Structure formats: structure tokens, C-alpha cells
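In what follows, subunit A forms one complex with subunit B and a second complex with subunit C.
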Partner chain A sequence: MENLQVQFKMRTGNAIAVDNFSLTVESGQCVGIVGESGCGKSTTGFAIMQLLAGNGFITDGRIVFDGTDLATLSEKDMQDVRGNKIALIPQDPLTSLNPTTKIGRQVGEGYKIHRGASDEEATKRVLEVLEMVEMPRPKERLNQYPFELSGGLRQRVMIAMGLVCAPSLLIADEPTTALDVTIQEQILDIFDSLRKELAMSVILITHDMGVIAGRTDNVVVMYAGRKAEENTTEKLFATMRHPYTQALLASVPSIDASKGATLRSIAGLPPDLSKEIMACRFAPRCQYATAKCHNEDPPATVDKDGSEYACFYPVNGPAGLDEVKVEIRERTVSTKEILRITSLTKEFPIRSGPLRRKTGKVHAVSGVSFAVYEGETFGLVGESGCGKTTTGRMIVGLEHPNSGEIIFEDRDVTSMKGRATRALQRDRQMMFQDPYSSLNPRMKVGDIIREPLAIQKVGTHQEQVQQVARLMTAVGLDPASAQRHPHEFSGGQRQRIGLARALALNPKLVVADEPVSALDVSIQAQILNLMKELQQDLGVSFVMVSHDLAVVNYMADRIGVMYLGEIVEVGDSESVFRRPAHPYTQGLLNAVPLPDPKEAKNRKGIKIEGELPSSANPPSGCRFRTRCPRAQEVCAEVAPPMQSFGPVHEAACYFPLVTPVSVGATKAVRKSTKKSTGEV
Partner chain B sequence: MLYYIGRRLLQGFFVLLLVLVFTFTLPYFLPHGALNAAYFNCAEHQTKACIDTFANTYGLNQPYFQRLWHYLWGVFIHFNLGLSFKDSPPQITGILRVYIPRTFFLALSAFILATVVAIPLGIYQAWRRNRPADYWFTGVTFMMYATPPFVLGFLMLDAFAIHTFHLPDSPPLGVHPWAMFTDPKGFILPVLTLTSLQIGSYSRYMRSNVIDVLVQDYIRTARAKGCSPRQILMRHTFRNAMTSIVTVLGVSIPGLLAGAVITESVFNYPGLGLIVVQAAQDFDTMVVLGVTVVVTVMAVLGNLIADISLVFINPRIRIMGTEK
Partner chain C sequence: MSNSDGTGAPGNFIGPDVPFPGAESSVSSVGEESSFSPSDKVESNFRQGLRVFARNKLALISVYVLGLLVIACFIVPIFWRTNQTSLLQQIGVPQNQPPSLHHLLGTDVNGFDELGRILYGGKYSLTLGFLAGLITIVVGTLYGMISGFFGGIVDTIMMRLLDAMLSIPNLFLIIALVAVFGKSTPFLIIVIGMTGWFLTARLIRSDALVIKNLEYSQASLAMGASKLHVIRRHVFVNSMGNIVTVGTFSVADAIQLLSALGFLGLGIQLPATDWGTMLNEGTQELWNGYWWEVFPVSILFIVVIVCINFIGDAMRDIFEVRLRDR
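Presenting the complex of A and B:
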């Protein structure tokens, strides 16, 4: 790619989404493109395929592929290239497959188009590629429809579709962003082995520094449509030159991070590309920027290391500890329980037949117990579908448990309904996952934040408005913007609004359901830091539901690991993450991509294979046994009881990775095992 | 699948029952209640004797629940819709047997013609969206949609029966219901009138459905595979766009019948439309009730057929038994 420029026609003028971008991919090489959302990464990928949206045009530069300039090809010639020589694997496997066409046909279609294959030949080839992507039971899949498969399996189908004509270049656009860490690990491994087997080149587009670190040869960091920096992966992570790269890496929460440190974030947002910028694009957000940066555009420079970067004042390597403001904040967590849930169970009926009779049930949550102390953060982690969100919703009363108990502030709030709950609801609030759909688009932001106050009739209208202004200031928003509507705010700002709404009634407990999963890492850090700060000031307790272990590690004092509706391990975050007892916890930890190329490549340990079993029909005994490398016969018989591994550390496993604390405890466990066997 | 159809039929039965009870009860709110028809028919000499005789003949003075029970029993067990207060033969089932096929064939041919024209038109417009051809057809279809059938009917008569072509201004009368196939000339204008109304709404739906599908991620996937525009339309767009239009087609059936009623009076064609208007004017409530039964059954069946077709188009319903 040479000096590529892509413009989008907008009502307000043309936006230059990609500018002066050059990139070389050697045959068999894997090049990563990394940056925040809106930086032109995906646009670059689509430009290669000539699949830009209707208002997007390549306005300058060349895309030379095997000696042909793709930018000059006609639509018809381009059809021969797409799917044949270059394949694209899009971000979201859930929406990228045709819902009404069988998998076999969808995967084989490209082969028929480009190779003129018959139905039988295509089917044979489809089976081959489905095996290549390690699809379980490939024959069965041919006649299945996309909705019958999980996200991870659908992504395998997408990859198989890309491979069917054995292309020489694969463009993977955030191929694992929509997937769980465990599945992400499996998919990325498939990429790695395929690349070696087929000598295929890969362009891996992602926002995740961790994904880039372990899998790529070269990395290009993109910012605001331009190349900020390029180098080999190892050198880039070790001795980055551009402050943006440095800041991006510093905002990734790490599992190894020391507890008290404040996560670094990049203030502000990427610039508006519809206006011409005659300065360093990163300058407004850069901590090293000088007057020169605000007035002149830094040219691309190549240093002796082979690093190419565009910066007047290059840095040298990752931000050191001295540069990170280390603030050890010792929070005093009281031992007073604010919330205790006991054997909480939630089942959703599956209905079928002419009378919609109950024919089965999904065991979303099966006997979950834990306590949350005043002023602490309790993290709830697990793969999607493990029941962590349902648990959170039951805690705030959005869902009623089928059995079990919720004690909040020494009062049983389990099945309170109607008016009686309203007063109690005040003290338990929820912060939602999706900042886009959880705010009513027709309401003004001030009214959204004020609504809880109005419902609970707190103070006069005037007092409520003042409270809204205070809240907005507290979460870092300008109170003057209360009259604006949600769409005028960015994702990060919207999540601040969501936080302000959750805090409006001065609650004692906030359940935050994946509060940062929809945000860029740089923004993510801002929100997490804000939540920590406010917790300090207000003494509120958080239950943090998240699939991201690093985020939970950064936030939580104690952690509960959930698997298929059950808590398999619970304890202080230090013990759970440093000395996990349950193989599932270890597997989850191992699946987290490390933003360090050397460590990422040398990592060994437990790998979680396969998919989450159906919660309508969970495995007998230990529910994790079907995916556990340590499982033995006993695991299938009786569910293992919780054993103690430390003062506050417990896990449910017969073959834990660390030794339980007391022999007495083990004996008690054996006893109870026998007892329950007898009952069975 | 059979379960699914069974469930739908059961639902349909309850819909019909509700509609019947409701319409049966309505005349009780008229002056003189159920006896209203008796007072109307004895208009010249409203003697007690005349009214009593009339009421006795048709059982109008029986208690409400007894009448209702008799009526429902007759409808569901004997397919007997009761007696007309006027016509002879007074058996409503017999009257409808003559009139239903006329309206049915009129509506059906309009429905088929409209579908055959509107669906390809909608796809074409979506493919060429926001270009001159699309704007042009959008204008035309909006006009078809917005013009009331009687206005269109009279315009058609004026243009094609009087000034040009000299097509017959009404279908042949008094002949058997299959006349449409033996002597189609007379049906051209009424069918066209009814069709044009439907084309307008169907093609609008189809256009927006196809546009919704074309922006989906899986269309981009298809392009990334190297599909040609034609393959994208035929293999990836058509079926997905059909899933939502089929429901619209099913729901449109009562509207189609309502349109037929008006068209019939414009073209002076004795179908359900004419008799229901006549019956309403004569307070012949049982005939109105009978036509209501027919229209309700048609509406329920239309929805059922749409739902069953959906099962074939949308694999999700076929396999999971639900849309979600």
C-alpha cells in the first residue's frame, strides 16, 4: 500500500479517513494494525478489498497486490480477487452470516464462484476447510443454519469461508473482539497454525495490544487515519518511539499490575477528520506536546532500529514506573456485610408445543452464594452465558430468583415486589453494559440523571436540578450539557452519564454490568479510574460483572469466578489471580492476551478447550469437567464441594492446583461427598 | 411443525369466537334491542301483532344467552349461519354460497397480480435506490397507494370503458361464479382497480425490506466472497427480505376484502360487498353477521398461510419454533 488516501463524502464536506498510509505485507507475514476505534483501521482493510461504504472513495495512492494495482481494477475484475486471492474475516460473526442459508452452502459459495466447482466438489472442500479450522463435527454443520451455532463456532465458519479458495492474503478485522477470552485464544491459535501451514499473509486489525503482541511479526499503530508508528512487534513493544503507542500500552489493564497504581488513560478523543489538521494529530492528547507539535505536522522518520514514526519528540520504550503516578490507595474495607446472597437460583423455562408448555429449563444461575462488604468491589467473572449478568440483575431486583435468599443491609429483599421495593431500590442501583442503548435517546441528559430522583421524590425540582449538576461535575461532565441529548456524547461520556444516573440516589451498592466492555482501552481506563475515585469519596460498594479479567483485577478487592451458573472459586483478588485453585480460573487467566510479545509467546499452562456446554442440560457432577484437563471419573459423579485455600479463598474442585489449607477441611469434604453419594 | 399449525388454528378459533360474540351482541345496543329488525320490518303498521309474529318467526324474543348459544351451535356444528330476515331463500349459508366465490376470485386475482408485480418492483427500486428510476416509481406507487378505490374505479371507467378500448363497465351479471375464466373481459377494470391499490403498499414494503437487508453485515460478507450483484440479490437478499413481506401479505387480506367491497359497488358487481351494504341498510343483522364470519375466517386463514410460509422461508422458526 503506498500513500493510500480514503475519503468519505459527508454532508458537511469530505472526511479524510485514511491519509498517506503506506504498508507492506510480505508473503507469509502477519502484520497487525492497532489503534482506537475511528482511527481508520477497518477502513484500510475495506479499501484493500474495495468494499468501502457507498460514500467512501480511494482518492490517492496505490494498493499493489501481486503486481496489480487493486485501486484501478474494475468492479468486475475486483470480484475475481475478492474471496479468491484476498479474503476478509469481519468483526462480528453473529451478524456476518446469512441467517437463512445453510452453513455448507455459505462456505462453499466462494469455491463455486471462483473455481467453478460442482456441488459435490464444493461440499468436499467445505469439509476440508471446516476441519482446518478445527470445527467439531464438521459433517453435521453443513446442513445447519448460523443461529444454531455459538459465536465461537460461527467465527470458525467465517474463517473457513475465508480459506475456502486458499487466498494468499487474509484480512482479519477484529476477528475475536466479539468473543470470550477462552474462545479468542482458540481462534487466534487457529490463525497461527493456518498461517504456518498455508504460507498465507495475514493483516490482523485489532484494538487489543494483547492480541497484537503474541501473534504478529510487524505492527503498525494507526492514529486519526495516519500511521503513527511501525516496527517489528518485539521492537515496538520494547522500544516504542511514538507517545501514542506508549499511552495506548499504558492504558491496558494488566493482570500483573500492582494493585494501588492508577491506570493511565489518554485524555480526550481522536480528532474530527472532516477538518483539515495542520499539526501533529495526537498533540491535543499528548503529554509531551509542545507549541511546535500544535503548529507543525511531524514527518515520518526512520531511526536506526528500523522504527518508523511521526513525532518530533519520540519517547524511548514503555512508560516507566517513575512516569506512572503510583498512588497506593489503601482503602479500609469494613467487615460489615452489605449484601449476602445464599443459594440463589434462577431458571428460565423453555417452552414449546401447541400450548407453549414448559418442556425444559435453562439453569441460568444454580445456587450462587457470596457476600459483599461495605465499601468494597466484588468482581464477578466468567464466560458469556455463565449467569453473571443474571446474578447481577437479581441483586438489584430486576429479576426474581426461583429460590435462595438476598439479604441487603440485614433485610430480606428476595422476593419483594411492587411498592414495598421502591424505597429499598434506592440503595441498589445498576450501571449498564451498552452506553448506546441504555440511555433513552429522546430524553435530555439532565432528565435522564434526574429521573431516579424524581421517581423517588427526593427534594424539590430545584434541588434535583442542583443535584444533577453536582453529579455531572463529579463524573467529569460539564453541567451545562444537561440540556443535550445522549447522541451528542461519545461512548465514554455516555458511560459517565450512566454512572451519574446510578449514583444519583446515593446508593450503597452499584451493580456494574460490563461497564467498559463497549469502550476503547484508552477510554476504558478513564471510566475505571473514575469509578475507583468515586468509590473512595462515596464509600459505595460495587459488584463488577465483567468477562475481562484484567479489568476485574484492577477494580476488585474480592473476586467470584462463575462457570455455567455456579461459583467455582471465590476469594480475595490477590489469591484468586496469583494462586488460583480451580483449573477454570487458571485457564481463564492463561487465555488473557498479554501485551508483551516475549511473555505471550512463552506462555504455557492450562488451555480451556471447546465450548461452554448448554445450560439447559448441564453436565453432571462438576460442570467444568467436560473441558477440564484434570477431570477424572469422580468429577462426573458428584459436584465437588467448596474447600478452603486461605482465610477468604475457596474453590470447588477435587483436583485443585494448590493444596487446600487444612486436612480437616478435606476430611469434611470427603465426608460430605460420601453422604451426598449415598443420597443419590 | 404440525404443533405450530395446530396452535395457530386454535388461536384462530378463539379469534372467530370472540368476533362472533361481539358482533352478535352489537344489535342489542340498537333501539328496541334485538327486536330492532322486527320494528323495521313492520315499519308501516307497527302493531304488536306484526312485531310478535316477526320476533317469533326468527326467535328474536328468546333470552340473549339462549339465542347466542343457538347461533354459535349452528355456526360451529352445522355450518349454519341462520336465517335472513329478507331474502328468499332465507338460508344465509345458501346466499353466501353464491356471493362468496365472486368476491373471492376478484380478490384472489388482484392479490396474485399485485404480488407478482410489486415484489420484483420493490427489489428493483431498492437496488437502484435514490436514483431517478427509484424516485419515479416511488411517485407512481405512492399515488396508487393514496388514491381511494372508488376514485380510481371511476377514473378507470371513464378512461377505458367510455373513451378508449370500450371495455365492459361491469362484469357479466347473473352468471356462475367462474365467469371470470370464461368471460374475462368484464373483469379487467375491477381487478386492475383492486390490484393497483395493493401494488402501492406491497412494493413500498418490499423496497424498504430489501434496503434493510442490503445494509446487513452478511451482504458485505457475500461481496467479500466475490459474489456478483445478481448473486447478492438472488442468493442473499431475496429470501431474507421475504421473511418480513410475507407477514404483511397475510395481514393485508382483510384490507383486500374491504377494497373489494368498494370496488364491487363501483362496478356494480354482486359480491359480498353488495349484499353486506344492502343488508346493513335493511337491518338484516344476521346477514351482516354471516359476512363477518366469512371475512374473519379469511383473515385468520390469511395469517395462517403467511405464518406457514414463514416456516419455510425462515429456518429459525422451522427449527426453534420461534422467532427469538
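Presenting the complex of A and C:
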């Protein structure tokens, strides 16, 4: 690919989405493209496939594939290339499969078109590729519809579709973003082994530095449609030259990161590409920028390490600790419980038939107990479908538990109704995941933040408006923009609005449900820092629900690991992450992609196989046993009790990875867990 | 407006910072701290809406055309008097006259001036259509919102009831009711209104179902808001686009239905008239070559329906907040 330029025709003029971008992929190589959203990564991928949206055109440059320039091919010739020689694996496996077509036919379609295969030949080939992607029970899958498969399995089907004609180049556009870490690990492993077996080239497009680190040979960092830096993976991570690469890496929360440090974030946002930029595109956000950067466009430079970068003042290697503003925050976490939940269960009925009779139930949460102390952050982690969100919703009263108790501020709020709960709602609030659907698009931002005050009738209208202004300042928004609508704000700003709303009533507890999972890393860091800061100032407790262990590690004082509706391990984050007792915790930790190529490649240990079992019909005994490498017969019989592994560290496993404190003590702990899980 | 769009789909339609429709991750916004200078004037909701509406030229033309028609039907007859009320006065007046200077569109089977008749009938058609459409939208919205928001058993019962009513052909139901209870004008309005809201209710119900589960409604509940507050503040406001759009279309539907009734001879009774009734009379004379009794009124009728539909389209855009200028 040489000097590629892609333009989009817009009402306001042409936007140059990709500019002067060159990339070489050799056969058998895996090249990663990384960058924030909106920087042209996916556009590059689509441009190679000639699948740009209707208003997108390649205006300059060549895309040479095996000696032919794809940019000049006719649509008809291009059809021969697509799926046959180059395959694209899209981001979202849930919407990328035709829901009304059986898997077998869908995967075989391309083979029939390109190879003129008969139905039998196609079926044979489909079975072959399904086996290649390690699909469990491939024969059964042929006649299944996409809705019968989980997200991870669907992504396998997507990969199988890409592989069916044995292409020589595979473009994977964020192939694992929509998946759980455990499944992500499995899918990435498949990519790796396939690449080796089939000598296929892969372009891996992702925003996740961790995914890039362990899997690629070369990395291209894209910023605002341009190449910011390119090098081999190891050299790039060790001796990066472009400040953008450095900043991007510094904003990733790592599971080894020290607690007290404030995460680095990149201020500002990428430039508007519909305007011509005559300077370094990163200059407005760069901490090293000088007048020269703001006036001249830096040319691409190649240094002796083979690194290609576009910067006047290259940095050398990752940001050292001395450059990071380190603030050791001594936080006073009191021992006063603000929330205690005991053997909480929630079951959702499965209804079917014309009369919607109950035909079964989903055990979303079965017997969860933990406590949250004043001013602390309690992290709740686990794969999607493990019941962590449901638990959070029960805590704030959006869902009523089937049994168990929620004691909030020494009052049992489980069965409270009507007026009494309304007053209590002041003290427990929720922050939501999706910055788009969590704000009413037709309300002004000021009114959105004022809504809780209005509902609870706190103060006069005038006082409420003043409070809104204070809140907006506190979360780093200009109070003057209170008259604007949510669509005028970016994702990160919307999440700030959500935080301001959750804090409006000065609550004692905020349940944050995946508050940053929809944001770019650089912005994630800003929100996480802000939450920490405000917690420091306000003394509010957070229950942080997240699937991202690194985020939870950065935020939480104590952590509960959930699996299929049960807490399998609970403890202070230090113990849980450094000395995990439960194999599931260890597996989760191992699945987190590390933004360090050396460590990522050398990682060993427990890998979680397979998929989360159905919670309508959970396994007997220990629920994790079906995926556990240490499982034995006893695990299937009786569910293991909680054992103590330290003062505040407990896990439920017969064969834990570390030795329990003392065998004799176990029974005593078992009794006490019932009423006081995780007490100091 | 469709709600699924509001939940974070990447494709903003305008806005320079999102030049890659569907290409990036689910986060469409590009970053932080886009700066608003406090001096930026914030336009009121209403004015912003008007601006979006005015962008749709067809709708703007439609508004002018409809406005002219309303003036013609309601105000012109005050200045330009023709006899439309007394059949007695028509005795001896020549019937079925072709257009002439004296009668611009000729006269009809009773000797009434055709142009005056069109304006007079239009008054009935438009008023009845508007009132019936209003009933449709109010009843449909209430029914759909209650059903969708409360869900569960309430929803099941209300929706099965709706299915039962939908299974009876609309026109058949109206004819039966009119045949039993008579053809008075207020009764016609009520009958047409009360039989037209079924599909509206369904649409609003599906809106309510989606919106009540969106995070902002949930957030409101978590703040301790009452259900009524959530319905009013979130569900109603966000289905406004659909309500207004469907409302405009149901006015068109009601006018059409009224005309169908008139055409079947069940509409407004002589000496009053509406466009449907006029068409009914006109077609009986068409074989005699009296074209002026059919074409002008049918053309006007088509123009009105088309105009209302264009306006309805543009109304939908008004409530699509994201279509506004940034």
C-alpha cells in the first residue's frame, strides 16, 4: 500500500480520512494497526477491500496486492478478490451473520461462489474450516442458526467464513472487542495458530495495545489518518519515538500498575479531518510540542532502529515513572459498613408458549454476599452473563431480589416500597455504561443533571441550578454548556455528565456499571482519574462493575470475582491479583492482554477453555468445574465452601492455587462467612 | 424517530468529526474537551426544530399549499358567496353546466356552483379529518404508552384486545356503526377517530417498551422517580417524534376514510357535503362527459393527502435531535 489517501464527501466539504498512508505486509506476517477511534484504522481496512461507504473514495495512492493494483480493478474483478484472496473479519459477530441462514450455508457460500463447488464439496470444506477454528461439535453447527450460538462461537464462525477460500490476507477489524477476555484469548490463539499453519498474512486492527503486543510482528500507530509511527512490535514497545505512541501506552491501566499512581491521559481530541492541517496533527495534544510543531508538518523519518516516525522531537522509549505525575493518595477507608448484602438471589423466569407460562428460570444471581465499607471502591468482575450487573441493579433497587438481604446504612432495604425507598434513593445512585443511551437526548444537559434534585425536591429551582453548575465544574465541564443537548458532547464528556448526575444528590454509594468500557483508552484514563479524585473529595463508596480487570485493579480496594451468579473469590485487590486462590481468577488474569510484547509472549499458566455454561441450568457442585483444569470428582458433588487465604481474602475452591490460612480455621470461617463475608 | 439509533449507533448523519460511517468502534465521538465558548448562542428547542423543518423544501411547499387551501376553504366563502345551503333556491337553476366565466368550474347535478361546492366540502373534509386524527392520536398514544410501559399482564391483555379489534376490517366496522347509529357529523368524527388508533397504539407501545429500558429511564427510576415521572419526562418526550408523525398521517387517513364513506353514500348528507360525497355524485355523471364534477375535486384531494404526508416526514426530522446543527 503506497501513499493511500481516502476522502469522504461530506455536506461540509471533503474529509480526508486517510492521508499519505503506506503499509507493507509480507506473506505470513501479522501487522497491527492501532490508534484511537476515528483515526482511520477501519477505513484503511475497508479501502483495501474496496468496500468504502458510498461517499468514500480512494483519491490517491496504490494498493498493490500480489502485483495488481486493487484501486484500479473493476467492481467485477474485485469480487474475485474479496473473500477469495483477501478476507475481512468484521468487528461485531452479533450483527455480521445473517440471522435467517444456517451456519453451514453461510460459511459455504463464499466457497461455492469462488470455487464453483457443489453442495457436498462446500459442506465438506465448511466442516474442515470449522474444525480449524476449533469449533466444538462442528457437525451440529452446520444446521444451527446464528442465534443458537454465543458471541465467541459466532466470532469463530466469522473467522471460518473468512478462511473458507484459504485467502492469503486476512483483515481482522477489532475481532475481539465485543468479546470477554477469556474468549478473546481463545480467538487470538486461533489467529496465531492459523497464521502459522496456513502461512497467511494478517492485518490486525485494534485499539487495544495489549492485543497488539502479544500477537503482531509489526505495528503501525495511526493518528488522524496519518501514520504516526511504525516499527517491529518489540522495538516499538521498547523504544517508541512518537509521543503519541508513548501517551497511548501510558494511558492503559495495567494489572501490575501501582495503586497510587494517577493514570496518564491524552488531553483534547483528534483534529477535525475536514479541514486542511498544515502542522503536526498531534501537536495540540502533545506535551513536547513547540512552535515548530504547530507550524510545520513533520516528515516521515527513519532512524537506525528501523523505526519510521513523523515527529520533530522524538521521545525515547516508554514514559518513565518520573514523567508520570505520581500521587500517593492515602485514603482513609473506614471500617464502617455502608452496604452488606447477604445470600442475594435473583431468578428470571423463562416464559414460553402462547400463555407465557413459566417453563424454567435463569439463575442470574445465586447467593451472593459481600460488604462495602464507607469510602472504598468494591470491584465486581467476571465474564458477561455472570450476574454482576444484576447484582449492581439490585443494590440500587432497580431489581428486587428473590431472596436474601440488602442492608444499606443499617436498614434492610430489600422489601421496602413506595415513599420510604424514594428517600433512600438519595444515598445510592447508579452510573451507566453506555454514554449514548444513558442520557435523554431531548433534555438539556443542565436538566439532566438537575433531574435527581428535582425528583427528590432538594432546594429551590435556583439552588438546584447553582448545584448543577458546581457539579459540572467538579467533573470538568463548562457550566455554560448546561443549555446544550447531549448529542453535542463526545463520549467521554457524556460519561462526565453521567457521573455528575450520579453525584448530584451527594450519595453515599454509587454503583458504576462498566463506566468506561465504551470509551477509548486515552479517555478511559480521564474518567477513572476523575472518579478517584471525586471519591477522595466526597468520601463516596463505589461498587465498580466491570469485565476489565485492569480497570478494576486500578480503581478498587477490594474485589469480588463472580462466576455464574456466585462469588468465587473475594479479597483486597492486592491479594486477589497477586496471589489468586481460585483457578478462575487466575485464568481471568492470564487472559488479560499485556501491553508488553516480551511478557505477553512468555505467559503460561491456566487458560480458561470453552464458554460460560447456561445459567438456566448451572453445573452441579462447583459451577466452574466444567472449565476448570483442576476439577476432580468432588467438585461435581458439593459446592466448595469459602476458605480463608488471608485476613480479608477468601475463595471457594477445593483445590486452590495457594494454601489456605489453616485447615482448622476453615470451618470457623465457613460459619462466619454466612454473616460476614470479607470482614476485616 | 427510531430509538435504536439513539443508543450509540456510529453513524451520525452530519457533523464533520465523524467521517467514517460504520467504520469504527461503537464509540462515534472522537474525543474529549471539544470546547464550547460560552458566548455561543443557544437556540431554543422550538427554533432549532423550525430550522430543521425548513431544510425540507417539499415540506415547506406543502405547508404553503395547505395553508392556501385552508384560507380558500374557510375564509374565501365569506367574501365570495355562492348558495350552498338551500336546495329550494336551486329549483330552476340549470344543472351540470360546463365551466364558464360565470361558473369557473361549472355546476353540479343540483345546479350548485362546483368551485363553491369544493370549498364548502373542503371545510368539512379538513375539519373532520383533523378532529378524527386528533382523537386517533390521543387515544392511541395513551393506550400504547400504558400498555408498553407497564408491560407484563397489563400489556398482554391490552394487546390481545387490540388484536381482536384489528381483526375486524375498519371500513366494515364503520359502515356497521353508521348504519345502526345514523350519520350525524359529530358521530362520524368519533367513529372514524375511535377506529383509527389501533396501529398508532402498537407503534407507541413498541416505543415505550424500548425507552423504558433505556439507561436514562432506568437512571431516573434509580433516583427514586415515580413511574408517572418517567413516562412524562422520558418516554413521552422521546416518542414525541413518532406521535407527531403518526398524528399527521392519521389526519390524512381520516380524510381518506371520510371520503371513502362519502363515496359509499354514508358521509355528510345533503345539502352539506364533503369531497368524498362530491366524488360519489360526480362519478355518476362521468359517463355523460361532465368531467368538471370529478377531476378538480379529486386533484385537490390528492394534493392534500400528499402535502400532509410530506409535512409528516419533515416533522419526524424535527424531533431527531441529532439532525440539528452542532
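In this text, the second predicted complex is superposed on the first by the 665 of 680 C-alpha atoms of A that agree within 3 Å, B and C clash if a C-alpha of one lies under 4 Å from a C-alpha of the other, contacts with A are read in each partner's own complex, and residues count from 1 in each chain.
In the analysis below, a contact is a pair of C-beta atoms (placed from the backbone, for glycine too) under 8 Å apart; a residue touches a chain by one contact, two chains touch by 3 or more.
Note that the structure is a prediction, hence the values are computed from the model and not measured.
A.B. asks: Touch test for A:M430: subunit B only (first), subunit C only (second), both, or neither?
C.D. replies: Touch partner of A:M430: subunit C, not subunit B.
A.B. asks: Tell me which partner A:E148 touches in the superposition: subunit B (first), subunit C (second), both or neither.
C.D. replies: first
A.B. asks: Based on the superposed arrangement, let me know which partner A:L398 touches: subunit B (first), subunit C (second), both, or neither?
C.D. replies: A:L398: touches subunit C, not subunit B.
A.B. asks: Is A:Q29 in contact with subunit B, with subunit C, with both, or with neither (first, second, both, neither)?
C.D. replies: So A:Q29 meets neither subunit B nor subunit C here.
A.B. asks: In the superposed arrangement, does A:T232 touch subunit B (first), subunit C (second), both or neither?
C.D. replies: So A:T232 meets neither subunit B nor subunit C here.
A.B. asks: As a test of reading the superposition: which chain, subunit B or subunit C, is in touch with more residues of subunit A?
C.D. replies: The partner with more contacted residues on subunit A is C.
A.B. asks: Between subunit B (first) and subunit C (second), which does A:L97 come into contact with in this model arrangement: first, second, both, or neither?
C.D. replies: first
A.B. asks: Tell me the contact category for A:I523 with respect to subunit B and subunit C: first, second, both or neither.
C.D. replies: The second partner, subunit C, only.
A.B. asks: When the two structures are overlaid on chain A, which partner does A:T59 contact: first (subunit B), second (subunit C), both, or neither?
C.D. replies: Neither partner.
A.B. asks: Could you pull out which residues of subunit A sit against subunit B in one structure and against subunit C in the other?
C.D. replies: Residues 356 of subunit A touch both subunit B and subunit C.
A.B. asks: Quick one: in the complex, what on subunit A touches subunit C?
C.D. replies: 8, 10-12, 15, 17, 36-38, 40-43, 46, 53, 55, 91, 174, 177, 207, 267-270, 272-275, 356, 396-398, 421-426, 428-430, 432-443, 448, 451-452, 455-456, 478, 480-481, 483-485, 487-494, 498, 501, 505, 518-520, 522-523, 526
A.B. asks: Which positions of subunit C touch subunit A when the two form their complex?
C.D. replies: Of all residues in subunit C, those touching subunit A are 6-8, 14, 16-36, 38, 42, 156, 214-216, 218-226, 229, 233-234, 237-238, 240, 319, 321-322, 324, 326.
A.B. asks: What residues of subunit B sit close enough to touch subunit A in their complex?
C.D. replies: Touching subunit A from subunit B are residues 3-4, 6-7, 10, 216-218, 220-228, 231, 235-236, 239-240, 243, 313-316, 319-321.
A.B. asks: Once bound in the complex, which stretches of subunit A touch subunit B?
C.D. replies: Of all residues in subunit A, those touching subunit B are 49, 51, 76, 79-84, 87-88, 90, 92, 95-102, 109-110, 113-114, 145, 147-148, 158, 161, 352-356.
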